[in-house]
């Protein structure tokens, strides 16, 4: 009896499904390894560091429990940064989506030199954020910037506009540049989906007497729904986390008018050398995103 | 002192080392900087092409004298260094030598026990060769220097266009704020703005308001480092700062030193607040103004208040964790030597002013076109800077403020300016609020 | 609708569409124009649209007098290295998530999405400590590893949904035909996933080519500095911004991308259309 | 040599049982169809045989070998998929050659055998094409070629004809039969189409909800269905059922259902149903109903002429009956007619479990 049991046990180990499972685990192992070392480890340390008061250059400090969180939640700056973050994300995302869909529709139609037009439109997305910001800062420049000059020349303004240094201009400029930089992502996704919509759907709608607008709302939009759900999700996460663009364009100013949470985290960590506070802010930020994301996903599923 | 911080991490790192070896192997593209026997890593925030050329000269000469030693120059920036140095310190992977950081940043790191005492270098250069008192700002603990100055900078000179003054009928340089405002107003027009001051949320604005507070006869902190900003003088300074807004280009709310400089150099503004780099930039980029620029100490509220010069005291320091301390000290001392140091000074004549009396009097230093042409301006800047102060050391009576770096980096002071100028809040309310915020940082 | 009317409408549409395209592309145009202006024309008030004289001086200076080419080489290595590592790991991982069953698989797939949420600012110090601990500070390898952190979740997610769209029967057929699972993966799944892999590779390369923040903190050494931070630290200092050189650098930074994407553009959209966007 | 045996095989996916305690033995060289409605577990059965799924319980053997834990590659089976599963990036030749490459067959031998298979399937002209450039029928032949080329012990075919149009399907059916005769290999053919199963197979295994209902030659499946499910599933239109009870015994046996009362005494029953209520289902195939002046009165509800035959739906004392008659019957909807049933073709099933009550001698 025992021999049989042992035999069947070893048979189970050598069973095909077990071997396949092992192979599957082996294939995912590098991913898990990377996740653990470069994502989970920093994440855990962020949560851990958030409970200390830590001087960044030495990474030494003392246990303060939840004081960092208490201090943050009591500070106006955190809430203001959160509000800015929401305004920036909502603003730039809306522009990206609306503009992305419009341009995709445009590029989907028969256009002269369409390939060139597509490359030009997609280009802002390929462009390094650093380059994009520098070019825009040069365009926005008060003295030598072509944007101000155009407005002056057209008689729209009498004095050069202070695009980046005062509110609400700075936030508007930021949202605008963000939309310019990232709307091609929406174009790519929507364009891909548009190419997959069968022409029969449009023909059927036309036969049913639908006008151009009705065709758009009744045929195109429902077909884009799935794509847009994912695009909105991805772009929300990326926009919410955006650091480079804002840091380089306005640095969060004027005052803290365009300071979003990632910039606040940066300031805490490196300007004020408060790694503990920075980690706490980052953890809060993550929780907020998690909340939004789960809300969104549960909504989108309906 | 430091370095203990890594103790807890050693096993963790060892464990991770194995785990990540796979990734590293897969990456396999990067390599450690090529190792000679000894490598000295030198970071600086200042590396204009002219300066870089001077550094290269010094490095080549040093390497020639010290076979097996390689000096790697690595640039950093005013905006980037806090994060980069923080990471370097935290990771124990520090450069050997860091130059041109302002003295208040040095104080912060020294206070955290991250720097090696610099006195051996000062001794080997010869402490008597320095201008008297130049290194006082680094003597955070009595008798020990955290760093030494590599140059002096008079950051808040008032730069003037003599041609525009003449055209507007202004005979003498303004000495008070009222005169300055009037002069700017007279010179404004024909596409030229009267003044140029930074109103952005950056260190430039923070430093300018500190200058103005002192120009009003006030101070940010008392000699014993109690918060003293909530004063009438500071309110006057903010009022003055606000009153200058209409004379500055609209984009001044985004200006840092760079925009401030190019606005004046390009001829877009009639006056400017800057250090000596104006000289070299005017001569290379806009030579038609070269004959018409001069500088004076920045005006104060009235004749009773003497000018207060902001000197950010560009420094040299050695992190305590840096390897090859002996060779590093030798190289640090080398930076001050002979022709090399003079080349450094000549890279930006009038901007980095000599801290060595011997160099200032050296004929090789004086024998330079710009140094000759702007002899008066450079002399003025030199004396102003030598008597200069900054937020880390507001007056000779003041203790060294090790929190000055944090204060500047926090942006509190710049925010204060922006609240008054852009949001038009009441200076006294803003000051009271700012005083509280400074208090928090001082006590942190 | 009569024929002439439709022609007029087409022309109007073309004019309108191209006007929109040109407005979108204007900053790029301006970048190119500025880069060929002599620096003396730069600070002219009011600014001139077209350069008075065309000069390639800035390009020459950039290529001969600055470490631009070193940065360019670094960026190319970075983009290539990151893409290679990420694609290798993500392709295997995605295949495993889609076609193998083992405990925790679904949870792992969900975790992928969660890792998107981590703000890079907070990962940076722990990452830096890790790199120093591994002796990788200031190397391209450290950046490749760092970029893997934010590129891998997206790549994995993209590839996973892409591979989901490949019919199960193909692998089954290969198995019955005599392949083992790895052979089936190499012979059948990989060729089928290729458009998706190319598309994912492009997104990864874009991320790596354009990243700024990690490069700023993790690497402070010209030998390993990529273009983004290299150009900024070289040309934007607190006392001066070299606009002419910056614009020339920007043009040259974008050039490799233009060339690559001119050839591969269709894969970008194909990557999305073949189900990658379905989640 | 390549006999296939399923012994008490079960397969559960999570909580769902796809195959339930199934035992089946397929002779070497036999052509067997596995027939059943969709979701009955027939594809799962095939995939277990191929090694693509592992049984939860029981053993599967091919020849003398238990193959439960053998990888598909080790089983020497070939499979044609419903979707054909051609490798889109390979040419036709590449597709057919693939199994040989995986078996490390030498290059010139591979070429020869690909040619051979292509010749059999008339694919010679298409060898350099990619699958997407082929019609459905051509793709189907390539899929067959890929299975054929390596001369496996067992052929598994998973609804290979379901994606073809009707005409092509008829043609391919004949081709497959011819092929089976030629190579004489064991073939297991999964389908939900009874016509395919009936025309091609030597034996049919009818599956329902993962359970084997009957395993028998086509004629038996039709004439002697094991239970009412098989009876209803085979035949178009399906068999008519009347639910009622038996009365009397022996030759006096009568089936009663409401007003209907039919003498069924002449049917030899395997089981007299000793239970007191004797509830049964009476099955009448549509083709066993005819018009007869002597018969029972019924009303025509619906007439569906298809040309060579006519499907009629009657109301027979409150029960609906479907009948299949000649194309030229002259009846219109609403007519009243008299029906007769071929008594020897009536089938009785136990109402409780559906098993057939007629004994095996039933014609």
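To keep things simple, chains are lettered A, B, C and D as they appear, and every chain counts its residues starting from 1.
The rule is simple: contacts are C-beta pairs under 8 Å (C-beta built on N, C-alpha and C of every residue); 3 or more make two chains touch, one makes a residue touch a chain.
Note that the structure is predicted; figures quoted are calculated from it, not measured.
Ranked by number of C-beta pairs in contact, the top chain pair is A-C.
Each chain's centre was taken as the mean of its CA atoms, and the one lying most distant from chain D is B. Separation between the centroids of chain A and chain C, computed from CA atoms only, is 15 Å. Separating the centre of chain B from that of chain D, both taken as means of CA atoms, is a distance of 90 Å. Here the spacing of chain C and chain D, counted between their Cα centres, is 55 Å. Within chain C, contacts with two or more other chains are made by residues 43, 45, 88, 124-125, 129-130, 145, 148, 229, 232, 236. Across the assembly, chain B contributes 16, 20, 23, 83, 86, 90, 266, 268 as residues in contact with two or more other chains. The set of chain A residues that touch two or more partner chains comprises 30, 34, 37, 41, 56, 59, 143-145, 266, 269.
Two chains count as a pair here when they touch; such pairs are A-B, A-C, A-D, B-C, C-D.
Interface residues of chain C, counted against chain D in their complex, comprise 167, 169-170, 172-180, 183, 187-188, 191-192.
Remark: chain A residues 20-21, 23-25, 27-28, 30-32, 34-35, 37-39, 41-43, 45-46, 56, 59, 103, 106-107, 109-112, 115, 117-132, 134-136, 138-139, 143-146, 149, 152-153, 180, 188-189, 191-193, 195-196, 226-227, 229-231, 234, 237, 241, 243-244, 247-248, 261-262, 265-266, 269, 275, 278-279, 282-283, 285-286, 289-290, 293 touch chain C in the complex. The touching residues of chain D, counted against chain C in their complex, run 47, 50-52, 71-73, 77-79, 81-83, 85-89, 98-99, 102-103, 146, 150, 156. Every residue of chain B that touches chain A in the complex is listed here, in rising order: 2, 4-5, 16, 19-20, 22-23, 82-83, 85-86, 89-90, 108-109, 112-114, 199-202, 249-255, 263, 266, 268, 406, 409-411, 414-415, 418-419, 422-423, 441, 444. If you check the complex, the residues on chain A that touch chain B are 30, 33-34, 36-37, 41, 55-60, 140-145, 159-167, 250-256, 266-267, 269-274.
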